[in-house]
Amino acid sequence: MQGRKYSMLIAGCAASPNDTINAQQSTLNNRFPLQDVLEAQQFDRKLLNSIFEVAREMEDIERDAAGSELLKGFLMATLFYEPSTRTRLSFESAMKRLGGEVLTTENAREFSSAAKGETLEDTIRTVEGYSDIIVLRHFESGAAKKAANTANIPIINAGDGPGQHPTQALLDMYTIKREIGHLDNIRVGLVGDLANGRTVRSLAYLLAKYDGVKIYFVAPDVVKMKDDIKDHLTDSGVDWEESTDLMEVASKCDVIYQTRIQRERFGDRIDLYNAARGKYIVDTKVMNVLPKHAVVLHPLPRLDEITVEVDSDPRAAYFRQAKNGLHIRMALLKLLLLGY
Amino acid sequence: MQGRKYSMLIAGCAASPNDTINAQQSTLNNRFPLQDVLEAQQFDRKLLNSIFEVAREMEDIERDAAGSELLKGFLMATLFYEPSTRTRLSFESAMKRLGGEVLTTENAREFSSAAKGETLEDTIRTVEGYSDIIVLRHFESGAAKKAANTANIPIINAGDGPGQHPTQALLDMYTIKREIGHLDNIRVGLVGDLANGRTVRSLAYLLAKYDGVKIYFVAPDVVKMKDDIKDHLTDSGVDWEESTDLMEVASKCDVIYQTRIQRERFGDRIDLYNAARGKYIVDTKVMNVLPKHAVVLHPLPRLDEITVEVDSDPRAAYFRQAKNGLHIRMALLKLLLLGY
Amino acid sequence: MQGRKYSMLIAGCAASPNDTINAQQSTLNNRFPLQDVLEAQQFDRKLLNSIFEVAREMEDIERDAAGSELLKGFLMATLFYEPSTRTRLSFESAMKRLGGEVLTTENAREFSSAAKGETLEDTIRTVEGYSDIIVLRHFESGAAKKAANTANIPIINAGDGPGQHPTQALLDMYTIKREIGHLDNIRVGLVGDLANGRTVRSLAYLLAKYDGVKIYFVAPDVVKMKDDIKDHLTDSGVDWEESTDLMEVASKCDVIYQTRIQRERFGDRIDLYNAARGKYIVDTKVMNVLPKHAVVLHPLPRLDEITVEVDSDPRAAYFRQAKNGLHIRMALLKLLLLGY
């Protein structure tokens, strides 16, 4: 939900009128339709496109040494019930690059009133009194929706357990658009832990909105892509296949999206973990067959599923991808707080 | 104590002269008399009133989308030796809503030099070199006074163990004033853990400064209000009585102040805890007998001592109370740092 | 390395031209030569002097109630893999006193992707996308150099395990300069844990760059100064001697630099620790023989190796020393980010 500053902005009292007057006029009839960012399912092609356009503008703003004051006077609370330094710093950098301020809780689970038995709803009702937008990371699937149902200010889901991590999905799509130039008619290889990785699941879901997409799944047997996503792709008319030959897939793709095999999913079965972990590595051999225009992505952190030799290849786009996360988050903060 | 910026402000060099010139002129002869906020005993009716007036002004400042620069250039250190996310975020939001900046230490006990054996006094002497005001949360009663005796900058006690939590007491009184309209001639029911709850103790102490106050104590036997407060009320001419009938008390009160039974006080006696916890619940039945003009308060976090059905009742004022904490803390930061 | 804002600044587009135009003109041909601050060995007399001059200017800026905007628009990331509240708050205060902003990670070791096996290099590549300068505290010697080899933005080493802590060394030297007035021809007594204390090792190393320096080592047998530093002093023509008589040394010195005996170095040998700890205490007896113009320094935290009675002696300079750390860090942030 949008809260206290909404009506003032609508009434023409923007935080920084000089910076934004053009954007304001050109979009008067085109207000950002979302009140919260909760799940990948909220986004259609049109909405993705408008977010990507704003993200592109954010690149210039972020590079401006003088800094922006677009979100001056706004306060973002990062309410993290489980740690995720990368995601947290990315959001906090985004807010500060736009001139906004931040309240941080890095380990709300252990330290907050939650330990005394307070419900998430009560915590949200308190924190919304202290801030203008809440970025929530939680260990329970559905926590972000629960928070959004309670809050009178916008909620951004920064990952809710095994559930959704929509800003990662957006930055992945944005990176493909930035690197390849288009999202229709692309061939994407999804590699690694496809069973547990929520990023590849969301990515497959969003890719299904585009035309002429071909998806290859390359995963060890124990962590194969689940049927629900496969069925969704089929229903959406997306061509997909499973492969055990990373070299062949790499030679045909525009994008190789590699992921980490998550040890924490294997419990005591270190043997299974080790077998799965070593199976599909992106190394110089893979790069040698990858088309010149193609790119390698990875949501990070990376262990050895992409070798460090690959880093210097211009097609290694994963650190640019991390940086794109900053611009996507700047765009979402601006869109949710200013409404355009 | 007030420090380096004090003399400059006295000399007329306010941080943001435009914002404050009227306030400055009208209070030239009425400088805020406190150098630190340490305990409820520091406040008399006149002082409470002047703080409440500033807190009311803070509501407008906080709602202003453009943000305030009243405390621009000032730096607050939140030095928390035990976690209290709610209190910390409230203070940090207060400072940032006024344009000030914040240095945060969420778990000073575990991580700071304290673990190596440094005294609190040495830590304060160091941190006062890096900041303009220190908000201290400590696990030992008397820590805030010790800090204030050492520091050359203002100290705000944000709770010192079993000792004091004066800003909670102020926000409770302010909430009654805001909700009921006056503090004289009110009837207040204090419910729940009256033995261990420092908030109800401080509240009773401050209520004793007003005329025609009647206090009802409604507590399970194991956590009854202690004699020292009862004696103080009697000495102050305050009418009080103990009751075991929450319904009857609720039907006669202007304010029901419910509190959480603190499990941590019961050790292994889970049976005693469970008995105490279930005894006095504010639910729709209680709300049905509560006068129309009355309100329910709670310092939060709340477990099930107020049922969630009550939340939608306009007399459920506990989230407004949490928000009032922001305004009280904004007021105290302004008064201590600017002196008016 | 210096990054994105560098070229713009070179081109004359300073963040805050008004504040800095004089400094800019006077140093156009005298750009700060360092891209990172990694170790004491980077500094020669000329460089130390230029840093100390800027640190002195920072005292005025820090005292200015209006605050500085010299580093407005710049974002510093404090990436701390082990906690050090004092050092972190000092850096964060420095950045904020100059109008810059901060991203904080207090316990990167436990909470960041490092726990999942990410290399420091990968973390740096991500964080440099979110910030303009990284202050790194790490538990491994050499971590800062590794980070600097990877990063395209400046790195400041805020302590890397048993390795270096160069900003402490700079603030120690600066404090001697500020207190005594000169660095040539001084007599310095280094007292306490000389074997494990990286501060005394760095200090001895930097003192060797000056003329006419005499160093006294006063340490319990188990923690004596190691031969590498003694040899370096001898090679540099510095006169040094070991002594077991703190009173005699104190009577002849300009500076007594006391240090804490680090219990964590003794493991189970509490008996050795206790013997070492009690051996050389700076108390009022020592102060009685210390020359009037001399000062006592300590890197803090202090246990009982300096008694609290000494604190009120004007020659007790250790809290002024801590404050000097703020000015040194302000100077380094300005020099690394603006280049002058």
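Think of it as A, B and C in the order they're written, each chain with its own count starting at 1.
The rule is short, and it goes like this: a contact is a pair of C-beta atoms (placed from the backbone, for glycine too) under 8 Å apart; a residue touches a chain by one contact, two chains touch by 3 or more.
Please read these numbers as outputs of a predicted model, since none were measured by experiment.
**Q** If each protein chain is taken as a node and each touching pair as an edge, is the resulting graph a line, ring, star, complete or other?
**A** complete
**Q** Where chain B and chain C touch, do the two copies share over half of their residue numbers, giving same, or under half, giving different?
**A** Both copies touch with mostly different residues.
**Q** With chain centres defined as C-alpha means, what is the inter-centre distance between chain B and chain C in Å?
**A** Here chain B and chain C have centroids separated by 39 Å.
**Q** Please output the residue numbers of chain A that touch at least 2 other chains, ranges allowed.
**A** Residue numbers touching two or more other chains: 104, 106.
**Q** Would you mind writing out the residues of chain B in touch with chain A in their complex?
**A** 63-67, 83, 85-86, 89-90, 92-93, 96-97, 104, 106-107, 260, 300-303, 308, 319, 322-323, 326
**Q** Sort out for me which residues of chain A touch chain B in the complex.
**A** Going through chain A, the ones touching chain B are 4-5, 8-9, 13, 15, 72-73, 75, 77, 101, 103-106, 108, 110-113, 116-118, 121-123, 125-127, 129-131.
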